[in-house]
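You will see two complexes here that share chain A, one where it goes with chain B and one where it goes with chain C.
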Partner chain A sequence: MFVARSIAADHKDLIHDVSYDFHGRRMATCSSDQSVKVWDKSESGEWHCTASWKTHSGSVWRVTWAHPEFGQVLASCSFDRTAAVWEEIVGESNDKQRGQSHWIKRTTLVDSRTSVTDVKFAPKHMGLMLTTCSADGVVRVYEAPDVMNLSQWSLQHEISCKLSCSCISWNPSSSRAHPPMIAVGSDDSNVMYGGKVQIYEYNDNTRKYAKAETLMTVTDAVHDIAFSPNLGRSFHVLAIATKDVRIFKLVPLRKESSSTGPTKFEVQIVAQFDNHNSQVWRVSWNITSTLLASSGDDGCVRLWKANYMDNWKCTGILKGDGSPVNGSSGQPGAMNTMVGSAVQTSQNALNGSAAGRYFFPPLDAPRAGSRYGHLLPPPSLIEHSDAQFSPHSQPLNTLPEHD
Partner chain B sequence: MEEVDVEPTTTPIPGFDSNQKHLGFVWGPGDILVYETIYKASGGSAGGCPFVHEVRKDEDIYSPILRKLFNESHHIFVGLQRIREDLPSKNKKPQFVSISKNYRSVIRACMEELQQVLTTLKWWKPSLSTLKGVISMMSHLSLWCEQNFNIFCTLFFVCDPLAGSLVLHLLDWVRLHKADVDEKAREVLASESPAEHQAYWDVVISYVLQGRMDEARQVLVKQAALQPAARVMFKLLDNLLMKMPIFNPGETQTLTEFDVKWRHWREEVDHCLQDQSFASNRHLEDICKILVGDEDVLLEYKELLSTWYHFLVTRLLFSHPTVKPTELHYYAQVLTTTLYMIQKPLDSILLAAFEFDIHQVIKDCSIALNNWWFVGHLTDLLDHCKLLQSHNLHFGSNLREFLLLEYASGLFTHHSLWQLAVDYFDHCPEFGRVYLELQIERVPLDTERKALKVIRICEQRQMTEQVRSICKIMAKKALRNNRLGSALSWSIRAKDAAFATLISERFLQDYCAKGTFSDLDLIDNLGPAMLLSDRLTFLGKYREFHRLYGEKRFSDAAKLLLSLMTAKIAPHSFWMTLLTDALPLLEQKEVIFSADQTHELMFCLEELTSGKSVPTPDKPMQVLGTHPLTLYLMAVSLSIS
Partner chain C sequence: MEKMSRVTTALGSSAISGRTMFCHLDAPANAISVCRDATQVVVAGRNIFKIYGLEEEQFVEKLNLRVGRKPSLNFSCADVMWHQMEENLLATAATNGAVVTWNLGKPSRNKQDQLFTEHKRTVNKVCFHPTEVYMLLSGSQDGYMKCFDLRKKESVSTFSGQSESVRDVQFSMKDYFTFAASFENGNVQLWDIRRPDRYERMFTAHTGPVFCCDWHPDDRGWLATGGRDKMVKVWDMTTNRAKEIYCVQTIASVARVKWRPERKWHLATCSMMVDHNIYVWDIRRPFIPFATFEEHKDVTTGIVWRHQHDPYFLLSGSKDSTLYQHMFKDASRPVDRANPEGLCFGLFGDLAFAAKESLISGDANRKPYPGGDRRYPIFFFKKPDLTEQFAHVSSALSVFESSLESKRMDWFVKTARLYLLSGKSFAELCDHNAKVAKELNRPQVSTTWTMLRIMFSDPANLSTPGPNHIGKLGTLPLMNSFSMKEMGMGTESRLDRSKGESRQDNIHLELGNSLINNICPTAENEETEGSEGQAEYMFGDAELDDDDLYSMEHDNQAAEEQEYTLPQEAFPLRHEIMDNPLAPEHLQQDKADSPQASGNEAEVMCLTPIESFSLISISQPLFSPHLPAPFFCPVVREMLSHYAEQGDVQMAVSVLIVLGDRIRKEIDDLTQEHWYMSYIDLLQRFELWNVSNEVIKLSTCSAITCLNQTSTTLHVNCSNCKRPMSNRGWICDRCHQCASVCAVCHHVVKGLFVWCQGCSHGGHLEHVKNWLKSSSHCPAGCGHLCEYT
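And then the complex of A and B:
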């Protein structure tokens, strides 16, 4: 593998997510600078930024494309407690000449009371549906009943997961044998709270999502989760980013025909890798799920591949060449100390839990260039987090409002 | 089977320090985008993100020279899949052999082209050295592939029943590896006095080492002519070379007869050595010693033998000419444990091949070669020869499919080679179709032509959902660009009623605004497709009314117009327009609407106006009887009744 080209992204702050469109000809980037940028690939393979606009009033965590059957549609979610849906409209002719396109906000989804940590479109066979999850432990499923009118979205389901949610993944299978299924990961680091991955399944009779499974063996904070493409198999494969990379196989158990409850699964662990040394932050499958990529605290992206005997191995590593970062941060030395002190402060404050996405944003606009400065919790909370609390005695949504 | 641990390859990302930040990523169709980020919510420095890097996987795919290789081997592959299962195996074998040869010749063509490029590059700027390096590496590898594709096939399925002919095959193979002898020979023979050329003896001995006795004799003649005094000696050696028996399985001779003959000839050579017949000429004596397989002398010419396997083949030729395939690995092992160190991975692949360890060969090839071309095609061929099963690998067809899927997936990332991949997927019974479904719907639909091409491939394979999805995407795209006609025809193809309704509405709106229809060709020729949605039916029928009117077939037109309302095909919102359209027909001199029809028109108007019985502030209810159209219609109906 080799670096074919480098694209100057020109975001004013950290990039949190980059997302390819379905055909791989466009990408969207989002950042702590509160903006989203859309990039188009030219015939020659060059990337050009064709739109850049402020999307939220807080860090934008994730950006994702709808299936092109629904047009050119993006969804974003943010620390500002909202998710938003954007649609590209064919612009004025002079816009086109300048190679710019125009995106308009179709809706803002404001139901969450905390930072919206992930946003995903459901598989296209379910229609135009959008899911969000948030730090207050709620997964929300929205639907646009009229795909021609993206300004109308109705909240179809609210699933309470009881634990701060960090990530969601839809099971992409369109087989009739598999009801719609969604996996939710929690980044709550308290191992006492049990399994951090929950699987919810849609029940046709009750028309609700019900919990089908909790992966009890995953007790550490989960940062990302990804179902693999189904490939026509009866079972499902799920990759999880936690303190290591794990791959699970979920084999549906035969159901009694009279049973109306959710499917039960036999959960098998297929592989587990701790090569990232510490936390793993992202996992993602390629199109045909022959490769899994993960990103972790070692600052590397690792590629995992199964051979024909279903033995998984690391086949590639993408790693910085160690040359000084020539970003806007200036001297690497200075940056180093900054990172160090920030880690220390917040660890003292939060007992090491990754709770940054968990608190409400201040109402005044965040100071440019200090993404996490304003995330430090109010003093009263520090005492709370030092005290023993369980999810029941300390409901997540009773955190002090910050105004 | 034990798995060898292979170190994963590390790709450096420029300007990024893994110790300070995290590396975010996203999968693309043929690449990965990476960017620096910090995932920890608790740690963080401000600062922009300078770059998003595009990391590509397979560089080979992008070489135009290999493109030819991919194209041509695709033809051979498809041909191989067509060989019928039920043919008796003795009829199939020659076909397999010829396929193996075809593969080899496409690799050879590719290799020659690579070498040509390399020669032209020699004159280019030194800055191209990396490119040169890549090409020379590719050329080296393809050379290796070319040379070895056949020997693997030979070892694995050609030579087994005809014991004794193995050495011949091996000699052929070795000649490919040391093809430079012929070039050197030409140079020597073309020089003013060949016999005095410094490379003269190298050429003679090289020929002998490769078992090419006739060529060796021809070159030797030059020397003999120079040394009339030693004529007898030359004559003797010439005779020995000429008489060397070579087992030819085509002849009637049995292996035992050959063995007797060979031993006899060897005694004769031995005898000459003991007689010291060649003592006066060191070169001739060495040749004679080579003929009896003298190891010390062979080692002296290690330079000319260049590789351990050449050494092996030469030794077999002169010491064990009837070696059986099953004994091969024994001789190879002795050699590689005593005289040669095996270092290069390619050498260990050969060793595995001599051991008939097909699985090891395939596995090592997948690791050592940087794309799946070689292993994919080799495994497929071996699988067709039923060799994977006979070697007790229960995963036989899976291994083949696994490798072919890898190869085809690689092809799919290329903007035009993806079409070749389709056939490979077709011949992977287990996952081929799912892979194709997942991959093909992501082929960028840049133009209508490309979309049609993709749709044709899907239709041939009854992939209806993919066809629907592509049509839907195209319809959506056309609508965005305000190409209503194209949007309509794509949504008809997608059988998307809701979208067809929406576009029909747009057509009708456009008509109301401009008074004319666009895309007449399409609307006039809707045919049964019209039935996809009510609105589309109305659009088609309404346009038909316009056509009849234009053709002055007024009574047909009037009938149609009326039926659009009475049969409730027309949306209510459009009735006023229809009634207005009726006016010119009513104004014609001859009677077009019969009295009954005119009454029906009246009823329609009544229904329309009474339907608006709920007045809205901006649209006060129109009182029946005061509407100008009503008055007009009443007048007309009175006049004709």
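And then the complex of A and C:
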């Protein structure tokens, strides 16, 4: 049950990226029209464009916010081979009266010889660090040694990935047990070149990033990659947008204290969905990493959620223009999936089967159906999901998410 | 017109074919030009002047025009042009200012024909008239343009650019007498070759030098110009004032611009600096190149379409000493790699989504039929589609806001605000938090809290039960009466209460009863043993929890698993019932307390322990012999990890704090720290600064607690002598008095201090607040009428 709020973005070309800030009250969009726009949410929930300015002399591929501790700071990267860092200036100006804020360029990172395809700030606990990746296959890690001075960035690391890079993701885990880690995706379309997702890990001894893992099973072009927020997990979860949506789990294997090499991981693929039936362009995790959203060439956003068994299911489909996806709109595949998942979920509910971890006393056999009808959905689902799974629920001619 | 058709037939009869190919030159190229029938290309540079044959698979060197033992500077070419009508005729612009023509028909090795040395400096450009065989135009760094009649030894006319260097000259396709010239000062001039005295028209096209210009081949009067300002502009020259109709922003200065044959909107550009690629732009979509050729390793210096009516072959020469033939089908299409969608999850579960409009509205390119669209001959079904699709794009931006509370993050915020983490007894905290979770419709979490309380209500902590209990009875007479009633009448009162408290239906209630009855015998036995335990027997609340349990069972999570982890299920059940009776009082009390609770735990602290002890005192005799709390630790540890893995680090941290030492040893420090960090980060995201601070305060990890000690410095002045306090204590070492004493309680204020701006007296926020409720005078007795707003 999502309400779509359409925003007249007024970009003159494709929008390539949208990004929420840390507190979820601001949003930045970037477009091929070489501009970045910043949107602020008003009290009433409306989004207002409070800044729009030309940032690059080429398509702006990505825009990302820094942690607010460092100020209101944006980074953008572009086809024009540069990445730039922007800071909002608060001060007296006529702009303020028009509700426009002023962003000024703090630095331009010009090390790349090719299009800079992604830019990401490192997790806050690492300080003010910025990573870029470019079409020539180089990942660069910059650091602002003085967080008060955003115009000084030093190039700390250059990692050569050999393949044209399209996206990067920092492992957001703040645990000291997890060394800094970057996943890099390549949009090289030659399936012969093997794994398109590489994972690099920082080695404290060598003070370099070293390749820890290549996901050899991902052979098609990767368009987006996202580590899930790690709120106290011992393992990492990585979502990948390629020709389908994939979710990988990386479980660090215990390493001997003496070894200095990169951490070894047990890589498990936990889900793979081709429901988009086309290229998947974006994946994004919610803040608690319980929901994954993906968007593909079919113009739909799909929401994925795991049950307690780590079984991932589609829990919603959102059409880009906000219109409901229903049976008549020619999405038979999606429908089947939804029916399937609904049935399966309810079976799970009925079986209440073996593998779950539970922390309350077992009770007698399931009681009369009389209470069942108005029982709440399972707690594991109810907090985040509106998936209706009751076996008595309506015929699924419309998806419940789109009322 | 006749000529045109001839060319077309030529193209038709000998259709050009080939592939992307290249050859190494001996030296960097400065310019290239093709002959009319597109079979040969001439490459000119400082140290090279060669003609290559364009064959199917390769370039073949046909002729080296650079002959002689010691080639003169005349061979050092800045530009070259092959005549488009006379296939033996070439002209070069030399860097020494010479304009040279070459006749390939000459029998001798040296093909040099004419030599004009009228320019004083480098000639940047030579241009043959498109229809006039003997007319040649040159533009030079010295600021002059000269028109030559190749039948004469000297120039026929000279055009002065007023000492501005000329970068490019181009005869108009449309107008026989007109040519355009571009200058280093950013101007473009239009001249009539019959009037050398004065330009027809001049306009400023770019800021900085205009390196190149090109007339649209389709007689449109369109002129494209490219400059150092990285822009390509298209001008409509048919109007009175030159009008800029399109502007393409490239990423580097534009050295060459060439309209693509047969494609009205396309032009190719290359740069003389930084950027080695060749771009083909659709001027209607000026932001992203339609196609890119990325083969060159150094600056591309010359580009030319192989045939003036064939849009698929592009030739280029470069400083990297290569000559390339690019096939259009091998070009890279940046737009294909460009991401058409943006997607981001917001903090509150809202979802921002931007997508190419054609993706979300039309099914235009959604499901291409495998065999192509049958409406078009298979031959070119793709072409019109591609170009048109390319030109008109826009994105729609929308934000999906979840209307369901469950999907928003409200539960998190509310839970964070309402949970009590300290300031009360363990059992009360658990009960309170269980209730909070329940109210937020999170039965699993609620049950977990209840379970925790049962497991860990620590019997070892027993203090003298008697007085405590009396204290409790005294403070809560209402509760007590309830309890007494309960003791006497058991089921009935239970019924009432459960009805009142939770809307349970009868089935459930009965089940609850039977369950209770099962256990009752033992419970009652023990009850009689315990001194005052019976007073606590209130089943109503037990059922509340039972309710949770039952609903859990329908959950798709497994109930059976429980048996593995908790084989002694009898214990928890029993204890639950034993313990629950206390809950209602806390619930009532919590309601009163919770709003301020997080703010001033200190005060709550001094009120509550009494009650908590009473609870403990009762439970102790029941299970202390059987159930050491550590027994549960592995289970709890696993549970916390489970919650953390499920994304509910809130639960993990809250439990960690509430359990405190009971569990702390069981979980390694790194994990704890990770949980704390994650939770604090989340809280800060939601701007729950108070809660975050409380968590930091309550945490036991040194890495966490030190968060509050970094980058915060408090400078305190003594309130008596008004001097800075140098030491860390609360006593000023100058006047030896306690600084900032509360006017009400006369103790040092170490937290929030509120003072009256009128009389400057003040003290603990709570104290002053309370004081001013009853009195309007200053608590210090100074007589000032203070006001708290």
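Keep this in mind: the second predicted complex is superposed on the first by the 316 of 403 C-alpha atoms of A that agree within 3 Å, B and C clash if a C-alpha of one lies under 4 Å from a C-alpha of the other, contacts with A are read in each partner's own complex, and residues count from 1 in each chain.
In this text, a residue touches a chain if its C-beta (ideal position, glycine included) is under 8 Å from a C-beta of that chain, and two chains touch if they have at least 3 such contacts.
Being a predicted model, the structure only gives us computed values, none of them experimental.
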| item | value |
| --- | --- |
| First, second, both or neither for A:V301, with chain B first and chain C second | both |
| Which superposed partner A:Q34 touches (first chain B, second chain C, both, neither) | second |
| First (chain B), second (chain C), both or neither touched by A:S284 | both |
| Partner chain(s) touched by A:T108 [first = chain B, second = chain C, both, neither] | neither |
| Which superposed partner A:T217 touches (first chain B, second chain C, both, neither) | neither |
| Which of chain B and chain C A:C314 touches, first, second, both or neither | first |
| Partner chain in contact with A:Q268 - chain B first, chain C second, else both or neither | neither |
| Partner chain(s) touched by A:I15 [first = chain B, second = chain C, both, neither] | both |
| Which superposed partner A:F70 touches (first chain B, second chain C, both, neither) | first |
| Chain B/chain C common contact set on chain A | 1-9, 11-20, 22-25, 27, 29, 31-33, 47, 124, 174, 223, 229, 231-232, 281-282, 284-288, 290, 293, 295-301, 307-308, 318-322, 352, 354-357, 368, 370-372, 375 |
| In the complex, chain B residues that touch chain A | 3, 6, 8-57, 59, 395, 398-399, 402-403, 405-406, 409, 431, 433-435, 438-439, 441-445, 465, 469, 472-473, 476-477, 480-482, 498, 502 |
| Residues of chain A defined as touching chain C within the complex | 1-9, 11-20, 22-25, 27, 29-34, 45, 47, 57-59, 61, 79-81, 115, 124-125, 166, 173-177, 187, 223-224, 229-234, 278, 281-291, 293-301, 307-308, 318-322, 330, 345, 348-349, 351-364, 366-368, 370-372, 375-386, 389 |
| Sites on chain A touched by chain B in the complex | 1-20, 22-25, 27, 29, 31-33, 47, 68-72, 90, 124, 147-148, 174, 223, 229, 231-232, 279, 281-282, 284-288, 290, 293, 295-303, 307-309, 311, 313-329, 332, 335-336, 338-339, 342-343, 346-347, 350, 352, 354-357, 368-372, 375 |
| Interfacial residue positions of chain C with respect to chain A in the complex | 230, 249-251, 285, 287-288, 334, 337-356, 359-361, 363, 366, 393-404, 406-407, 409, 411-412, 441-445, 447-448, 451, 505, 507-508, 511, 548-563, 565-566, 569, 572-573, 635, 638-639, 641-642, 644-649, 652, 670-671, 673-675, 677-679, 681-682, 685-687, 703 |
